[in-house]
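Okay, so chain A shows up in both of these, paired with chain B first and chain C after.
Right, the complex of A and B next:
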């Protein structure tokens, strides 16, 4: 579990707009280990989807990866991301209703994907497609059905089958259950988790739901305003958050046992800064009740492999 | 599927009756048929006799149904000028117009879709921008000016192509075709470009904007994320979704190509129904005008029907929702 599959090194994603250059991702670094489920959590606009898009080289213009490197299995991939798409890293999008081509049968989409990556015959590909459907709990007899004949949950199962079909080592799942009925969310997450565990496939699970993080992930990264605020083992981060923003997130999540700290202490007021009005120093300082003078001037980087917060600076020296 | 087709057919027939009504009203009330047939000097008695003979004293609905009944049997009366049966006049002119319209439609569709896809995929590229700005000039020039410019360049200056007429035609039954002779084909080129250029730019812009829209869709990003090649993404996923609306609009444009042919036919002295109509207007030849309008109406309805059916054949969602009776 300790071998690094994916390494994101100091990446920035920028947008050239009329109002100048906006930084949607600002100097972000992350590792994904073999077989692990890494959660990425943060409020809307924090840069979660952009991070996933950056790994696969799917950032839409005018956005672009303006600095940093991405490494996969010891090879740099950010200059030719199309070489790893599908059979090494694939992706699941938020809304299954628009993830499938409406004009093509699900079987055609599966067979096309399989044949793109595997040197096998059409008949063998059809076989694989049927197996793939069966694994995600869809009757293989429906291989010739069109996407619109399935419910949202069933379509997300088809999407999972498609994402797994080229046998990737990593799947980036961008809020895979946010658009679904609450009643099927857990089923889909369990299915994804089970299938990936069986295959040893890693997952980057993007979500804004701390409950999902707690139930599904091994490690979690907390994003705030395009920067990594905190990262660590999910249990540690949830029971003993170091970054004031994470503390606020945990405190405002009812499902998590919060007896270890005072709930009322960490309610987050205010809102995440807009990209064109990013404060100096720590991006969280206007909302942080612990903010020091230093926080307004100097930007903290990740300290003690855990959180980007000057409060840890003292802790570290104390240790 | 059969039910849908039958329902569409029913709707079309209804629309045709409406078109026939308009055509009938023009026939009956624009100008006075009796004046046109007898001239001003006829006596009142003579006029009354003719009115009775033409059925002009019957109740209006009866006249209308008479009109429709005769129209179904291709009987539109005689042209005021030359007294030839209108149906014969039109039948002799129709092949010219249909061949011209078909050629321009294919020209517009093929080049419109190709340039539309190209300018979408190579968005911002030099050639793509060049095509786009050139097309702007194309849309802003009126049809007759384009025709005259083409004649000046290719017929007068370069002397490559003829500037008027259909060239030699081959007779096949009641149809005359220019597709089978060199001079016929050469004669088609300039008028087809003139007639199709506007539709071409329209189809190109539509294809381009639809394609750009489709390329932003999640299923396209998903197809990319699954490692499909650009070619697969563009042609297997983006293109079919782009073509659904493009075909609808392009199909409907076919009708207006026939209608717009009037101008092109005048510029190139093309012996089609458009030229016939212009002359009919000039001489207030009401039966010809009314028959022409009915013909264009029928063409529009027929094309609409075809486009609808094509649409059903392409889009599985529509097919199913139609079967379930929702719209």
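Right, the complex of A and C next:
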């Protein structure tokens, strides 16, 4: 599990606007290991989806990757989009209809995807498509059905079958279960976990749901205002968070617990800064109850491979 | 009698094809019973949570409670008065409507983007003729904004200038402006991130304490209501299948459906 499949090195994504250049992602680095599920969590606008888009080379202009590098299997890919991305990296979106053409039978869409990625005959591709459906829990006999004849959860399964068809080594799943009921969500997440185990596929799972992170991911990166606030083994980060923002997120998550009644939830006051009003120093300092003078001036980078917070400075050995 | 009572509440939707098509194809009418003989009661100043998956009928009940939809059968009673009594005069109906307000799921869709926040909040005050005079209305709007944790100067801004959580505060101020006794909250925090969700839930609770508000709180997320529901009703395919206190429901769920909901809710607890 220790081999790095993907390395994101100091990337920034900027947008030129009338109000100047805005940084949606600011000097972000992280690695995805082979066969792991890496969660990316944070509030909307924190840069989760943008990170996924950067890896796939799908940043819409006027946005662009303005600095940094992305390496995949030891090859730099941020300069050469077409070659690897698409063949080796698949994407799953929140809305299945982004990936599915409503006017075409699911089988045709699967076969087409398979044929663009593999040098095999049509008959072999149909065979693979049926196997693919079976693998995600859909009756292969429904290969000729149209997307609208499936429920939301079943449609997302079809999307997963499509994403898996080129046998990617990495899947980026952006809020894949947010629109689904909890029971269906649990099935889809189990399916992703199982695929990961059986095929050694790596997954970047983008979500704002701390419960989904806890139950599905091996490691988690917490994003705040386009920066990585904390990263580590999921259990470690959620049970022993180091960054005050992560602490706040964990503490404000409501739990199904009989003793919660009438208790006030922990709340982080204020809100995430807008891109055109980023504070100096640590982006979290206006909301941080531990902020030091230094936090208002100097931006902390990730300390002790764990959190971008000055509180960890000089404590590397304690971790 | 409890402050709010739902008695045999039922709502059908007619999903049939047009009459002419049915006549030609001989296909029968198709009626969906979205809410099926639902009974519950809420004590004054408490929160009743309705929990269920999509399509279980939650929003249909919410809309009936605030008069946006008419029940097909059954009724809602508030403070001893039948909200669906056809004999009610227009002004009596209006007087009842003032007392039940709603906060919607999407703080994006529910606020008119072309209105200033102050006008959005003042609208119910004007509609129900609660306060006369622009100056006095303005004062009331300022007071409401401050109650929900915003600044009185925010009255001059437009909804798009606010974050999701702040917009939901505006929705709450608007709901409060007619001085209601009951607020129906339909997934008020589903579109928000956890840190912001906690702010909004805490605010709703503080307001409940202050004004003895009665909440009908609709959600698909059992954890969200764990801090505030006095009672939880579980809705499955339009039917209320179980009702318990959170303590009871979380520790001794009776129905398989409830157990399934509890088991599949993703949890941050490592156990």
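Heads up, the rule we're going with is that the second predicted complex is superposed on the first by the 299 of 319 C-alpha atoms of A that agree within 3 Å, B and C clash if a C-alpha of one lies under 4 Å from a C-alpha of the other, contacts with A are read in each partner's own complex, and residues count from 1 in each chain.
Please note the rule applied: contacts are C-beta pairs under 8 Å (C-beta built on N, C-alpha and C of every residue); 3 or more make two chains touch, one makes a residue touch a chain.
Given the structure is predicted, the values throughout are model-derived calculations rather than measurements.
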Touched partner set for A:95, first chain B, second chain C, both or neither: first
First, second, both or neither for A:149, with chain B first and chain C second: first
First, second, both or neither for A:159, with chain B first and chain C second: first
Which of chain B and chain C A:56 touches, first, second, both or neither: first
First (chain B), second (chain C), both or neither touched by A:118: neither
Per-residue touch tally on chain A - higher for chain B or for chain C: C
Partner chain in contact with A:292 - chain B first, chain C second, else both or neither: neither
On chain A, the residue positions that both chain B and chain C contact, one per complex: none
Contact footprint of chain A on chain C as seen in their complex: 53-54, 163-166, 193-199, 201-202, 205, 220-224, 226-229, 246-247, 250-251, 260-270
Parts of chain A lying in touch with chain C, wherever the complex brings them together: 43-44, 152, 181-183, 185-186, 189, 208-216, 235, 238-239, 248-250, 252-258, 260-269, 271-272
Contact footprint of chain B on chain A as seen in their complex: 56, 58, 60, 82, 84-87, 90-91, 93-95, 98-104, 112-113, 116-117, 146, 148-149, 159, 162-163, 165-166
In the complex with chain A, residue positions of chain B that touch it: 216-219, 221-229, 232, 236-237, 240-241, 244, 314-317, 320
